[in-house]
Amino acid sequence: MSNTIGNIFKITSFGESHGAGVGVIIDGCPAGIEIDETFIQSELDRRKPGQSRITTQRKEADGFEFFSGVFEGKSTGAPITILIKNQDQKSKDYDHIKDVYRPSHADFTYQEKYGIRDYRGGGRSSARITAGWVAAGAIAKLMLRQLKIACQAYVSQVGELQLSKSYKELDLSQTESNDVRCPDTEMAKEMFELIDQVRKERDTIGGVVTGVISNVPVGLGEPLFDKLNAAIGHAMLSINAVKGFELGSGFEGVKMRGSTHNDSIENNDGRIHTTTNHSGGVQGGISNGEDIYFNVAFKPVATIMQDQSSIDKEGNAATVQGKGRHDPCVVPRAVPIVEAMSAIVMADFSLLAQTNKLRG
Amino acid sequence: MSNTIGNIFKITSFGESHGAGVGVIIDGCPAGIEIDETFIQSELDRRKPGQSRITTQRKEADGFEFFSGVFEGKSTGAPITILIKNQDQKSKDYDHIKDVYRPSHADFTYQEKYGIRDYRGGGRSSARITAGWVAAGAIAKLMLRQLKIACQAYVSQVGELQLSKSYKELDLSQTESNDVRCPDTEMAKEMFELIDQVRKERDTIGGVVTGVISNVPVGLGEPLFDKLNAAIGHAMLSINAVKGFELGSGFEGVKMRGSTHNDSIENNDGRIHTTTNHSGGVQGGISNGEDIYFNVAFKPVATIMQDQSSIDKEGNAATVQGKGRHDPCVVPRAVPIVEAMSAIVMADFSLLAQTNKLRG
Amino acid sequence: MSNTIGNIFKITSFGESHGAGVGVIIDGCPAGIEIDETFIQSELDRRKPGQSRITTQRKEADGFEFFSGVFEGKSTGAPITILIKNQDQKSKDYDHIKDVYRPSHADFTYQEKYGIRDYRGGGRSSARITAGWVAAGAIAKLMLRQLKIACQAYVSQVGELQLSKSYKELDLSQTESNDVRCPDTEMAKEMFELIDQVRKERDTIGGVVTGVISNVPVGLGEPLFDKLNAAIGHAMLSINAVKGFELGSGFEGVKMRGSTHNDSIENNDGRIHTTTNHSGGVQGGISNGEDIYFNVAFKPVATIMQDQSSIDKEGNAATVQGKGRHDPCVVPRAVPIVEAMSAIVMADFSLLAQTNKLRG
Amino acid sequence: MSNTIGNIFKITSFGESHGAGVGVIIDGCPAGIEIDETFIQSELDRRKPGQSRITTQRKEADGFEFFSGVFEGKSTGAPITILIKNQDQKSKDYDHIKDVYRPSHADFTYQEKYGIRDYRGGGRSSARITAGWVAAGAIAKLMLRQLKIACQAYVSQVGELQLSKSYKELDLSQTESNDVRCPDTEMAKEMFELIDQVRKERDTIGGVVTGVISNVPVGLGEPLFDKLNAAIGHAMLSINAVKGFELGSGFEGVKMRGSTHNDSIENNDGRIHTTTNHSGGVQGGISNGEDIYFNVAFKPVATIMQDQSSIDKEGNAATVQGKGRHDPCVVPRAVPIVEAMSAIVMADFSLLAQTNKLRG
C-alpha cells in the first residue's frame, strides 16, 4: 500500500472503518500555524454521517484528538497526528459480507491482492477513511489562510440534474445553506427530491462536485510530472468513488477552436490576467493567478438496498443482501472531502514553490 | 521542477525544444529485457511531426541513441539513457515570441516562476519533450509484453465528432490505418476533413484519445494514494494540453443508478469476472482483471495561425503573430503518447505489485 | 521535518517525550505476517527505562496498542499504527529547561529552526521516540524470520573498554545475560563497573554498538544511491547520539594493503563465499551473502548531573542545572534500537529486491 | 537500481565505464544560477585520472557538455543534463575479467543480482561514474557560493600515516599544492612516498578524507530521518570504496565523558556559538552554525597488480590477473568527490530549509 501523499506537506492516512479508528499524520506542516480546533471539528461535522434524511443514518460524532505535533495551540514542525476513534462500530452488521464480494466494491480486489481483508464495513477501503483527510485538509486550510488562498467546493450535478451556471454566476456562500450543498437553492431542492426519491427506491445515484480555488499566486506547480493540475487530479482520483476529473474547459473544451479557447492576456492596471479562463488557472502545469476550477465525477454509491448476484470467496454464486445504513448519493458529503484534498495539494505546492528561487 | 515519475520503473525527462535535444532516463527497468531498437523507432515515428497534411510540417526524424544502460542488446538494470537530438531547430523562428507571452501557452507562467525561460519553441514546455516519453514507453511496452499486458489508444473524438461506439465494438487493429488514428475508418474520414478544414482556417481544434489496457492481472494499484486509476490519471494529466481524464463510466456514469452501474461478479468456468465493466477495470484503486479503459481530453492547440492580443515582458499590450509550423489538432500524434504514459504506469505498478507478498 | 524512512517497507515516526505518547506507522508491510504481540512487547522491554542501576530510573512500562492494520492477528497490507502512550510524564520536571538551552542537546537548533519547541523532556528530539522504532523493528524482524534473516547487536565498547574479539569469536546468545548487553561476560562486568562509576560521578560516557546481520541472501541493495551499506548507515546515523558508522573493516581497513584486504572468492561445494570478510558482506552496495557487520559510535549522553554554562532564549548567560533521571551511558539500551533499525532496512531492501527481476 | 539522490536539488547518475560515457542530471536547481563552465571543468580536472605518478595512468580528458537546462549561461529551473563521453575506452583490456569475478569488486554481486553485467572496466560499478557527481557538485558549489557556504576536503590519512592536527590547525589553501591533497606539506611528502612504494609493490592502500563545511547557517537538516549528519553520511557511503563515516568527535568521542564532550554555548557579541565543537556542527540532526567536519574511510583499492584466486561464472576456481591502469591509493582523487557529494547535500538541505517557515 501507499498511504502517503505530498512532497513537503505530506499526509499519511491510516485506520479502518470498524477497527479502533481512523487517523492521519501531517508531516511537513510549517511550525507556528495556529491550530483552531473548533474549525477542524466544524469541517469534520460537514463530512460526518447522519446530517440529514439524504445521508446515511449512521451516527458518528467524528470527534478527534491530537496525539502529537501541537504544543500550546500551535504546530511545532513535528508530525501532527490526529486520531478519530470509531464509536458506532457494529461489526456484526457485516457478517453477511464476510465471505461474499459486494459488486463494485473493493472486496474482491483487496482479497486477491492481499490474501486477507478486514471485511468489516469495507475496512481500509471504506470512505470513513476520508475523515482523516478532512482533518488534515482543515489544517491545510489554516495554513492557506495566511496566504489568503481559499479552497471551496459545491455540488453541481446529481444524476441528470446539472447546474448550467458556472461558479462565477453562483453565490458560493449559499453552499452550506442546504443539505445537498448546492449553492443554487432552487436546484438544491430538485436535487434533494431526486436523492430522496432514489433513497426510497433503495437505490443510489452519482453526481459531480465542482472545486474552486481562488486567490492563487502565480507560480505554483512543478512541471513536468508534478504539474499543478496533475497533482490536483491525482488527489481527486484518490477519493473513493471518483471516476473522472476535468480542469478548466475540460471535456467540453475539446469541441472548441483554439481561437476561442485561448485566454488573451491583458494588463489591468498592473495586474496581469486573462480575459477568459478556459485554462482553469493553470498553464504549462503552473498556476497563472486566475481561479482554478475543476469538476470531479462520483459514481453512484455501490452499496444499494437491493439484493445483487455475486460470488463468494470459494467462487460459488451468492447473493449480496442490501442492508445497513448508507448514502443514496455521496456528493453532499463529498464536498468537504474535495475541499480538503485540494487544500492539501495547495499547501504542499505553496511550500514547494518556496524552493524555486534561492534565498540568500 | 519535478521531472521524474514512477516508483520502481521511474522515468526522468530532460531537454528542450531547441537546445541540443530531448531525452529520458529509465531507472528501475529490470535487467534482461530485450531492447528492440526497431520497435522503439517505430513508436517514435508514430509521434514525430510531418506525418501527414493534418500534422505539423516540421521535419524531424526523431532518431534516438542509447547513451547508457543497454549492453549486448539487453537492459542491465542500470539506468537507460536515451538521447534524441534536435535537428530542425530554427531558433530564429522564435525571435517573435522572445519578449511576448503567447496566450494559453506556458510563456508567462514559466517566466514568472523562474525569472528566466528558454523561449525557443516553448523550450522545456514544448510538446517535443514527449518524444522521450514515447521512447521510455516503448521500453515499458517491451517489458509488459512478457506479462502479455497491452496498452493501446485511439482517437475517439475531434471537436464535435464523437465516436458512439465503445472500444469493444471497434477493431483497434485499424487505428494505424489512417492519419487520424481513429479505428472507425468512416469516422476517421470525417475527422480528417474537419481537421483539414480547421487547418485551412488557420485555427486549431481539440479532441479525445481513448486508452485501453487489456490482459491486466488482478491486483495492480496501491491504495490509498497510489490507486491505479489515480496513477494513470496523473500520468495523463502530465501530457501537454490535457484538460480532463475519466476512467470507466466516467462523467456519464454520474447519471446512472447504482443498481445499473454496479458490475455483477460471476465465475465463468474458473475465471472470475464482471458481467459489465462500468468500473473500467479498477475497484478500490486495484485492477480487477477486466479491461482498463479511459478518456483523455485535449484542448485545442494554443498556437494558431492568427494574430492574437497579449502583453510583452514589460506588461505592454502586444500582438502575438501567428506563424510557424504547428498541428491543427494534437490528438493523432497524442495517441502514441497516451499509450506510452499508460505503459510506463503499468510497468511501474507491475513491479510494485511484486512487493505485495513476501517471497521466501 | 521528514519523519519517514524506507522505500517499500516504510516507517513514519511521530510523538513527543511528554505529550500524549509516541508511535509509529508501518506502511508497506506485506499482508499475512503473523503479528506476535508478546515478541513486540519483549523488544520494547529491552529498550525501556529502569532496567537496572546503570540505566535511567524513570519507570515507563512502554505498553503499546495497535490502532490499525492488524486483523485477526495478521497484517493486512494496510498501514500498521502502533501507539505507545506516555505515562511517567512529569512535565514540570522540565520547567528548568524551558527557557535555557542545554549544551549538546537539540534545544537551540530546534528553537532556531522552528521558532517554537516542545521543551518538555526534549519533546520531538527525545530518545523516547525510538520506542516506536523498536516496535516497528519488531514487526520487521517478524517478517525477516520468514526469510531466516537475523539482526543482532551488542555492546562492544564503553569508554576506553573495547572488546578485542570480533563477533565471530563471541557467543551472541549471551548478550542478554547481563545489563550491559555485552556477550563477553568478563568484559561486561568491567563495563558495568565503569558505567556505574561514571554514574556516581554524575557524568556520562560513550560507547559502541556492533550490529551483525546473518543469513543474508545475495543481491540486496540498490546502487548507486541506495547501496545497502549507505542505507544501513543512514538508519544508524538517524539514531540519537550517533556520531559514527563503519561497516566491515571500516576505519581500521584503511591501514591495510589491497592484497590483504581483498576477500578471495571460493566455491565451497556449491556455496560461493569469501574466505575473509573485510567487505562486511557488501560489495558494490549489494549483499554478497556473507555476514553484514558494522559498528555504531554513540557519544556520551548530553544530560549530565552537573551544572553547565549556557545561554537562555534571550541570549543571556545562564546555568543549566543537572537534574532529572537519565542514562549514564546509552549503549545498553541502544542495542535493541540498532537491531530495530537494521531490521527495518533489511525488510525494506528484501522487498525492493523482489522488483529486480520481472516475474511473469 | 536507485540512481537518484536528494529531495529538492536531486541528482540522477547514469553511464558506464566503457559505454558511450557517464553523466548526470540535476533536477531542482533553482533558476538563475550562473553556470561557470571553467569552474566545472577545473573540478573535473581534480578528479580525472593521470594527474601524477601516484594516480592511474589512464588518460581521460573528462571534457563535459551540457545537453539541457542551461540557457544563455544560466540555469533555467529545467533539468540540467551533463554528458561526459568516454574516450580512452579500451574494452578489450577487460576481456580477462569477462567471465571471472575480481575479489572485493562488484562483479559477483552485480551478476547475481541482475543476471547480466557490463563487465568492461566495472561497467556501472566503476568509480568513473563519479565524474558526473563531481560535475553536479560543481553546480551545487556555484549555488552555495551565493549562500557563502564552502565545502572543502583533504587527505588526512594514508595507511598508518595519520595527520594529528585537526582541520583548524591546517591551512586548507595548501590542499591543492601537492599530488596527495594533504594540506600539511611535510606529511604530504611522506604520504606520497608511501603510496609510491605501495605502487611499486603492485599493491594498494587505504586512506581517510576529511571534509569541512564552513559558514553553515543554523537550521539545516530535517529530523528525524533526514538529519543533516545522516544525509551527509548517506552521500559519503554512496561513494565507491567507502567503509566508514564519522562526524565531529566520531569514534574517538565514545571515550570521552559528557562533561568534557558537551559543547558549552555562549553569546559572543550577538553571535551564538559553542566554545568547543565535538558535535561537529550538528545537534539533533540540525546544523547549529559551527563548522561541520567529518571523516570518510576508504578501503584499499580492490584492483591490485597481482594475481589473485577467485572463481569464474561457472563456479570453477580461476585466477584473476593483475593488469590494467589503476590507482594505488584512491584518496587523492577522492577529495573532489567528497567535496562534491557534501555540496550536493548542502544545496539540497539549503533549499529544503526554505520550506520550514511559511512565507506570505
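By letter and in written order, the chains are A, B, C and D; residue numbering begins at 1 in each of them.
Here is the rule we use: contacts are C-beta pairs under 8 Å (C-beta built on N, C-alpha and C of every residue); 3 or more make two chains touch, one makes a residue touch a chain.
All values reported here derive from a predicted model rather than from experimental measurement.
K.L.:
Using the touch rule from the top, work out which pair, B-C or B-D, shares more C-beta pairs.
P.N.:
Pair with the higher count of C-beta contacts: B-D.
K.L.:
Where the centre means the average of the CA atoms, what chain is farthest from chain D?
P.N.:
Looking at centroid distances, A is the chain farthest away.
K.L.:
If you average the CA atoms of chain A and of chain B, how far apart do the two points sit, in angstrom?
P.N.:
Roughly 26 Å, centre to centre.
K.L.:
Could you give the separation in Å between the centres of chain B and chain C, each centre being the mean of its C-alpha atoms?
P.N.:
46
K.L.:
Report, in whole Å, the distance between the mean C-alpha point of chain B and the mean C-alpha point of chain D.
P.N.:
Here the centre of chain D sits 39 Å away from the centre of chain B.
K.L.:
What positions in chain D touch 2 or more of the other chains?
P.N.:
1-4, 13, 28, 31-32, 77, 110, 113-115, 124, 356-357
K.L.:
What residues on chain C touch chain D, complex-wise?
P.N.:
Those residues of chain C that touch chain D are 1-5, 7, 13, 101, 103-106, 108-110, 112-115, 124-125, 129, 157-160, 198, 201, 203-208, 218-219, 221-227, 229-231, 233-234, 237-238, 240, 242-251, 253-259, 261-267, 270, 272, 274, 278-280, 283-288, 295, 297-304, 306, 308-311, 315-317, 353, 356-357.
K.L.:
Please output the residues of chain A touching chain D within their complex, sorted ascending.
P.N.:
8, 28, 30-33, 77, 143, 146-147, 350-352, 354-360
K.L.:
Flag every residue of chain D that touches chain B in the complex, lowest number first.
P.N.:
1-4, 10, 12-16, 19-23, 25, 27-28, 31-32, 65-69, 71-72, 74, 76-79, 81, 83, 110, 113-118, 123-124
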